[in-house]
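Lettered A, B, C, D, E and F in written order, each chain numbered from 1.
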Amino acid sequence: MEEWEEEGPEIVKKFLYVNRRAPYGTIYALECLEVALITAAFDQEESLIFMDDGVFQLKKNQDSSDIGMKNFSKTYRALDDYDVERIYVEKESLEARGLTADDLIIPVEVLSSEELREIIDKQDVVISS
Amino acid sequence: MEEWEEEGPEIVKKFLYVNRRAPYGTIYALECLEVALITAAFDQEESLIFMDDGVFQLKKNQDSSDIGMKNFSKTYRALDDYDVERIYVEKESLEARGLTADDLIIPVEVLSSEELREIIDKQDVVISS
Amino acid sequence: MKLGILIKQGPFTHQASDTAYLFTVAALAKGHEIYRVFFYNDGVYNSNKLSEPQTDDRDLVSLWSKLAADHNIDLVVCVAAALRRGIKDEILAEGFRISGLGQLVEAGIQADRTIVFGD
Amino acid sequence: MKLGILIKQGPFTHQASDTAYLFTVAALAKGHEIYRVFFYNDGVYNSNKLSEPQTDDRDLVSLWSKLAADHNIDLVVCVAAALRRGIKDEILAEGFRISGLGQLVEAGIQADRTIVFGD
Amino acid sequence: MSHILHLVNKSPTERNGFDTCLRMAKPGDSVLMIEDGVYAALANADFAKTIIGSMNDLSFYALGPDITARGLNDVPLIEDVHVVDYEGFVDLVTETDVTQSWL
Amino acid sequence: MSHILHLVNKSPTERNGFDTCLRMAKPGDSVLMIEDGVYAALANADFAKTIIGSMNDLSFYALGPDITARGLNDVPLIEDVHVVDYEGFVDLVTETDVTQSWL
């Protein structure tokens, strides 16, 4: 973990991390998760969205030992330990890929595009992975 | 220009460079052009294909001064000086983007997907940009 | 207004750093404050002082260094992203500093707008 | 068979170098010859010896260096792509050499197959 | 309700970012095409109908320097895509509430 | 006529590489899905019909280690997509005439 400003300011903002990329093919999933975990230490109101190929990040039963890369999928479970509970997955993205919430490694809230749009509408800082 | 082996071997192979990316947004167009020019010094049978967003590389009237990047589009004209004459553009890609051969900075052979497939079928080395 | 900038790609390969640079220059010209520019993912490569572009090409590493000097801008390179990519103090260009990811979150909190440039 | 490998992406950000490495290991195990591995575009970043991955992550720079030493493989980093990205002899890992683009073309001529790994 | 500025920097014929942006943007939002995103402004391209179909709900902008760099000044662009320079880009960021990049 | 091995390393829902590969491959060619390209092998995904529609003309392969890494072993994959390991990848390269990567 990184160092951060201990004397956090009083401001509480709504941070949204938007994950639209598959894991392993690129590092964006892993490095976004690292930011999401750090953010949890700042007592902000944090949300994560997984849509498009980003839903693949949460696919359970990942085992990357044969490609030599680090399997970071279990780290998503740490989000709950850090009280990051606003985790949303787009229903349409899951369906287009033949997946359901049962295929995912953590409990999430599955929302329609329409509902996700309302989540996006409430944010102060939106960071795409 | 780079150095290269002066004592080229006798083998003559068919090299194909496949360009599917737009210029400026990424460096792939520029760095592929650099390889294509070096290849010309090796007396190989060289071809270039521009398809999908790669056709945008040849759009005439590029002027990158306001984005601070190097305008390399005129360098495509050097291909002719190096006797690289097999330059193919996919008709379907041009049409989908509302362009015609008149919009391009150099003369090219516009081929259908079907015809391009036959060009691809003849190659020994295929390098994607 | 206070602006925070996040750059996720290195120089040359993607246009992200070019766009971010010109955006930053324009923001300064309009009187806005740049709270911080944070370099993450391959963005850490923007701080490699060994970068030597062709003479007729732009030199983004130097451009960022100069902008930081002229306008006192805080250029922060993420330590975790930098370590794995081999960006260390010994090759760090002027005006950049290496620090933790918390600096990105803090910029998000303090700045009025956060703008992300990437691939 | 003689194989030529082209790697167009750096370590970590894209899987290209990982895949190319495991492909190369498998090809050697099957008795094939690796004529050359050529690093172009962001692929030049694979040769940065300052790279320091987390302890539980793979270290591609070292893996390539070791493979080159064990099997006498020619790892060539494109000088033009490397210069603009700040990869120079002073930070070049063991087993890599910096040379011209002609080395890629020559590999294409000499190898029986050329395989491209990128983004 | 906040007014979001959506940034799209990829060509609609290479990646899915533009489609997803249009699916997620809500009526009243603005979309700024930058970098390879400006190819979405080509009036004679197949993708034009998608942009035109969203014109009632969204305001579209495109970064002029990126258009000029790509040589698109001599071909028709979609009417009502407003061309802005980097200072206009800054104004769009400060005059909207949040900026979201569709990377 | 040469037998081409087409490599696709991107998801068909993110980029256009898979579509272009299928447009350009000729009957008799082989397609190997690697990296994020293996998502094209998902039997229950919308894209599956595109792959299945090309099955008469092309032979499809997918890299097993990339499938396992992504946790796709517990969901149905398209029948007749042959799963290979890195050694199988090497064999495909040497047993075909040319390898083309759709980057």
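Note that a contact is a pair of C-beta atoms (placed from the backbone, for glycine too) under 8 Å apart; a residue touches a chain by one contact, two chains touch by 3 or more.
Please read all numbers here as calculations on a predicted model, not as lab measurements.
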With respect to inter-chain C-beta contacts, which pair, A-E or A-C, contains the greater number?
A-C
Most remote chain relative to chain F, going by C-alpha centroids?
C
Can you work out the whole-Å distance between the CA centroids of chain B and chain D?
24
Whole-Å distance, C-alpha centre of chain C to that of chain D, is 28
In chain B, the residues touching two or more other chains are 24-27, 52, 67, 69, 124-126, 128
Which positions in chain D touch two or more other chains at once?
12-13, 15, 19, 22, 41, 54, 57, 114, 116, 118
Spell out, as numbers or ranges, the residues of chain E touching 2 or more other chains.
9, 13-14, 16, 35-36, 65, 85, 98-99, 101, 103
Spell out all pairs of chains that touch, sorted by label.
A-C, A-D, A-E, A-F, B-C, B-D, B-E, B-F, C-D, C-E, D-F, E-F
For the chain F and chain D complex, residues of the former touching the latter
7, 9, 34-36, 65, 85-87, 89-91, 93-94, 98-99, 101, 103
In their shared complex, at which residues does chain E touch chain F?
13-16
State the interface residues of chain B toward chain D in the complex, per the touch definition above.
2-5, 8-9, 11, 13, 15, 27-28, 31, 34-35, 38-39, 41-42, 44, 124-128
Across the complex, what residues on chain B touch chain C?
24-27, 67-70
Name, in rising order, each residue of chain C that touches chain B in their complex.
12-15, 18-19, 21-22, 54, 56-58
